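These notes concern the structure reproduced below.
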Amino acid sequence: MRAETLFNLVLVGGLLAVALIAFGLEETFTITLVTKVAIFAIAGIGLNLALGQGGLVSFGHAAFFGLGGYAVGILSSHAQNYEPLMEWPFLVEGTTFMPVLWLVAVLVSGIAALAIGAISLRTAGVYFIMITLAFAQMIYYFAISWPAYGGEDGLSIYVRNGFPGLNTLDPLSFFLLVFAVLLLVVFLAARLQASRFGMTLEAARQNALRVTSAGISPYRVRLVAFVISAMITGLAGALYADLNRFVSPAMLSWQTSGEIMVFVILGGVGRLAGPIAGAALFVMLEHFLGGLAEHWQFFLGLALLGVVLFARGGLAGFVLKERGRG
Amino acid sequence: MADPVLDLRQVTKSFGALVASDHVDLDLMPGEIHALIGPNGAGKSTLIKQIAGELRPSSGTIRFNGEDITAAPPARRATMGLARTFQVSALAPEFSALANVMVAVAPRAGGVFRFFGRALSDRALTEPAMAALQRVGLENRAEVPVSELSHGERRQLEIAIALAMKPKVFLMDEPMAGMGPDGSQRLTRLLADMKAEAPILLVEHDMDAVFALANRISVMVYGRVVATGTADDIRANPLVREAYLGGDDA
Amino acid sequence: MSALLDVEAIEVSYGAAQALFGVSLAVGEGEAVALMGRNGMGKTTTIRTICRLMRHHGGHVRFAGQDIGAQAPFRVARMGIGLVPEGRRCFGPLTVRENLVAAARPGEWTLDRVHKLFPRLHERHGQAAATLSGGEQQMLAIGRALMTNPRLLVLDEATEGLAPVVRQEIWAAISALKATGLSILVVDKSLKELKGFADRCVVLEKGESVWQGAPGDLTDEIATRYLGV
Amino acid sequence: DPLKVGMITTLSGGGAGLGIDVRDGFMLAVKQSGDKEVEVVVEDDQRKPDVAVQLADKLVQSDKVDVLTGIIWSNLAMAVVPAVTAQGKFYLSPNAGPSQLAGKGCNKNYFNVSWQNDAFNEAAGAWASENGIKKVFLMAPNYPAGKDMITGFKRFYKGDVSAEVFTKLGQTDYAAEIAQIKASDADVVYFFLPGGMGISFIKQYSGSGADKPLMGPAFSFDQGILGAVGEAALGVKNTSHWSKDLDNAANKAFVESFQKEYGRLPSLYASQGYDTAQLLLSAKAKASVSDADAFRTALEAADFASTRGDFKFAPNHHPIQTIYMREVVKEGDVVTNKVIGVAMKDHKDPYGAECKM
Amino acid sequence: MTFPLFLEQVLNGLQLGMMLFLMAAGLTLVFGVMGLINLAHGSLYMVGAFACAGVAAATGSFWLGLVASLAAAAAAGALVEVTVLRRLYDRDHLDQVLATFALILIFSEGTRWLFGSFPLYLDIPKALSGSVSLPGGITYPLYRMAIIVAGLAVAVGLFGLVSKTRLGMRIRAGDADREMIAALGVDIDRLYTIVFMLGAALAGFAGALVGAIQSVQVGMGEPVLILAFVVIVIGGIGSIKGALVGALLVGITDTLGRFLMPWALGFVMDASSAGAIGSAIASMLIYMLMAVVLALRPGGLFGSAA
């Protein structure tokens, strides 16, 4: 356990260090990359809760990532255009105030997850994978063909939204904000993992019958976990919208679901900081390979394959096992 | 006479053409061990599954302390006080023995929807769980993951879990299976203790244990309860001797 | 009598935890050997090592004169070791008949003969194995091992969960198998039956073979000390 | 003065052919100029808008480029262009011209060197009206670009619309639509199905026994696509601002040198990449990019020999150019396009009126 | 709308269904029977199409191309199984997901490396071009008829293989308990290689057949992958019959949805918006179908309940 704590600290600290060094060297884009890692890590931590602890392999988390993003995109574009969101039966105006945007993003993803989860959790295993995908695809196709907010073209937020006391347009400030959110999420996830709820969720993954016969409905436990998981991923989507100052249906696509899942598996399923490691490695590979060769995705594939074959339990599993023996 | 804790009336379950429970009447009185014996495939586990809620009877009613639970979901029955052990162990393999018991303690010690406190250092969970492990003699294996326990040890753990639930009824499906001779003897003593806490509906093929423990024995054949009585009645019943006990046993 | 199976001082570990510290036993051609010991003493581990489902890091396992230490499980099975595993492990989604057919290899044991041995399996031939009763599954597991036409039948918990009369039937069946010249290695909890059936007993204690001998020599003292009865 | 160009384009995945053509066309012009002061940084956007946005950040912040270009898809352009121009950088679009960027969202630093999205369709609509087509069957994928195409066509088309069918983005089987076409009373089918969708449709249509003539914007009949559909596309009419047989010196030189350099026929996209680089080089010759106003004026002059002949910018920095009608023909073994007439002379997009620069 | 048109659309739906089944057949085998989540199935489909196009272009014969597609996809499958997947059977499903995701990248970029970025030319063979006339005045392309026949043949063959042969039983047994089937003397490693090759060959076969009427290009496999998963999940994993029924259901729902949705909406709004909205709903329809089926039958139509 202590090795894992150290691993987590090194990862989180590393993220901060890279951003600060990049700031010192005026490598602004590196800060953007690290911010991206942090946001993907949050999305991954969200998924990891359902997938790692709960064994709920959701292939539809892009839905929540995208909904979080669109919540921000829609509200802030209304605010920027001075058009209220609705006037009847009561007036709802847009906003560019991040805390409110985040809250809305989290709520919207949570509500969507409640509805999607309530139906999806009737199934299990591969059926669950596919039914979550199905819901995400429905939302994706809806977003593509619904013209009000840009459809396939997406929706631009011309100016990054604001956070009191902070110049969010400054890359380092925005990173620090995201980083603070990441820390909070890691902390919450850690507590949750060790809590009674976490224990029960985990037990339900290993043997649902065990949990049922102890008088607990695995369905309810899983549904709650699914909703929390979606909320965290939705929050990440909200941050991602502000990072890019842009949202589009691509955030909702199945490729995005796949990528979030890849972060988790790459980093180590069920490990607290796994998604951070996974997202960092993925973004790094993408960035460096992308600059190296025309057929860089070929090498990205090889690299990922290498990790699966030779690092059991993802990066976290790989590193920690080594440590445990030494 | 006291009211039965568990009362089955005309419970019937069919799988296609096969009638696995055929109009079964069965009850369990406070303080007793009621053994259910019968040839393989007679329908004993199927009956236990219906009582626990894993299967829904095709017809008939099941009452628990007077309340009709025929349609209640399994988790609710467990909360009401039905604890069961499985014929094939159902445990969380990656968890330690202790954590497996803790999961069963949680619903009765404040519920599972607590998101912050550390479960492993929550004494409201660990203490009752440890106590239960002690009773089955697994206290030294508390921290061992279930996947590393031997078959027999898992059977013991199943019982510890049932104990930890402080139930009103124990449903036990072949608890002796896989226990070595010494284990069986110790378990027999344990069950004799347990019936003071709650009555036991015991499915078992180990006749030494059944005859030593049971206040009443019911014999099931082809889904039907064909005889109910004391150990001596049953031992003497020629039908049971032939269909179940066989030539020289017991 | 030349030993068909010869296990010599094997050491086996689960990760860092060693479970067997030198277990030796031999099963001769046509011989029936009982492996005894309390819960968790290493019986199953020994059997899994014989079937190559686990690797040993000390000692030797020989079958029919060959060192099988480096063989894949399926080769050992084809050489003639038929396993009835602990917990039965029937192929749940397959029907009873499919379970048997999947294991079949040419030889005296055929579907018909297994059906004759366990008529219940015939009755239930189209049912998914997962929905069989516990005892039915045990019969299926034995029948399935027989379908491979083994030279050595290895039974872990041979009669677990069987009704007394079936248990007697199984013992009768195994005895009959033995009479046909089949070698048998068996783990079971019923001392009485093991003693009546086996030619030799091997007692395990904390991962070591601590006693071997004819059933008649298994004194009450040894039984109390190692088997707890 | 040195000039640093950042190119964001699609180099991997399904749509990579277009990006590669734009890049190759662009690089060919740079190479031919022999100008050692022009440095081009190429990045792969994987056709993902978020990646494109981040690459734009990288090019501006880390590589400190002066000019950006390269984006193929409208949705990616919409994600990148506003942010880039807001930071004072120039963006030259070698493909994709969403209407927002031509109208309300126009920007003094944004130049479209290809076409406004509606252009080919408007020209096609006009041509259809002039050539006596009474009834059309319209078909496009159900996303904004598809809807724009249909709106564009209808803008200058006077005849009747028999049906308007929107297909699923990425659809591969068109049996149902073909049955509808066969059952309809239309004279002509006008469709916009870019990339693989178009290939699938044309192949399936040609084998279906349907006999209504096909028409569309050039995207579905580009050289890369004709190579895949082969003779199935023969006779199809399509509108384009460029064709490899356009008779002007710049184009001849371009087609020949492209073929020599890369061993394949240039496509529409290659010509656009080439023209974009030519425009940039022409501006560089006149002004330093560090003097943004002078550089912009130089760009506005569009003082270069375009492969499409005459080329000039409207006030909203979108082209005024002639759109031709082409027909798919077989030249020897190669299936390719031939210009058969002018669809619309000096076409100008209708959104410029809303543009306030 | 006329009745013959409606009939023709139903026929189109059935035909699309058979095409989907053909694409899903290999996946059902590998996924349903071996329990392997193979995201690279679409890549093998692409490999088949490219091999067919490449060989057909070189030799001028579609049929040689078809043979090549089987061979190439089977070879690619064997390579992948022996070098990568074999090590992952006893691992978590998620490791398989990541590994096969990596394989998609490798296959896609590898193919682009070899064949370039432009779609390839592949046409239907002369013998199967043209159309046949059906009763009711419907003319139907011969090639699509051939696809229906191929799909049926594959369905029957697979069904027989999996449920009737000992090979099939052993594969399913291996899926249930790998260790145990090995302990019974079955060389499960070799068996799995064979099955995977077979699944890959089926994917390649579908790629070649379907590729002839679609676009042969890098990335053609992924949409197919998703559809194939939808199909087998609706039908119930591991059931060939389910996959067939699922495919037909999806085919009919999709075709009729695309056709009827805009038509129905046309009664309540103008044609243009009816087209757009109807098509938007139509594109979601198969996913709705899947969600409804799974909500009502969590194990698919013919699967054992999950």
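Think of it as A, B, C, D and E in the order they're written, each chain with its own count starting at 1.
Keep this in mind: contacts are C-beta pairs under 8 Å (C-beta built on N, C-alpha and C of every residue); 3 or more make two chains touch, one makes a residue touch a chain.
By chain, UniProt protein names: A, E = Branched-chain amino acid ABC transporter permease; B, C = ABC transporter ATP-binding protein.
As the structure is a computational prediction, the values presented were derived from the model and not from experiment.
Engineer: Spell out the chains that contact chain A while also contacting chain D.
Structural biologist: Where chain A and chain D share a partner, that partner set is E.
Engineer: Please flag the chain sitting at the greatest distance from chain E, going by CA centroids.
Structural biologist: Centre of mass proxy via C-alpha means gives B as farthest from chain E.
Engineer: Could you pull out the chain whose C-alpha mean position is farthest off from that of chain C?
Structural biologist: Computed centres place D farthest from chain C.
Engineer: So how far apart, in whole Å, are chain A and chain E when each is placed at the average of its C-alpha atoms?
Structural biologist: 31
Engineer: Can you check how far apart chain B and chain D are, centre to centre, with Cα atoms defining each centre and the answer in Å?
Structural biologist: 74
Engineer: What is the distance, in whole Å, between the centres of chain B and chain C, each centre taken as the mean of its C-alpha atoms?
Structural biologist: Going by mean C-alpha positions, chain B sits 28 Å from chain C.
Engineer: Which whole number of Å gives the spacing of the CA centres of chain A and chain C?
Structural biologist: Between these chains, centre-to-centre, one finds 51 Å.
Engineer: Touching two or more other chains, which residues of chain A qualify?
Structural biologist: Residues 141, 144-145, 147, 295-297 of chain A touch two or more partner chains.
Engineer: Which chain E residues touch at least two other chains?
Structural biologist: 108-109, 112, 276, 279-280, 283
Engineer: For this structure, enumerate the chain pairs that meet the touch criterion.
Structural biologist: All chain pairs meeting the touch criterion are A-B, A-D, A-E, B-C, C-E, D-E.
Engineer: Considering only the defined contacts, which chain D positions touch chain E in the complex?
Structural biologist: The contact residues of chain D facing chain E are 12-14, 16-17, 20, 142, 147, 150, 161, 163-170, 172-173, 175-177, 179-180, 183, 195-200, 203-204, 207-209, 224-225, 227-232.
Engineer: Can you name the residues of chain A that touch chain E in the complex?
Structural biologist: 51, 57, 119-120, 122-128, 130-131, 133-135, 137-138, 141-142, 144-147, 254, 258, 261-262, 264-266, 269, 295-298, 300-305, 307-309, 312
Engineer: Over in the complex, which chain C residues touch chain B? Could you list them?
Structural biologist: On the chain C side, the touching residues are 14, 17, 37-40, 44, 86-87, 120, 131-136, 138-139, 157, 160-169, 189-191, 227-229.
Engineer: Which residues of chain E touch chain C in their complex?
Structural biologist: 166, 169-170, 172-173, 175-177, 179-188, 238, 304
Engineer: For the complex, give me every residue of chain B touching chain C.
Structural biologist: 15, 37-43, 45, 87-88, 148-153, 156, 174, 177-185, 205, 207, 243-250
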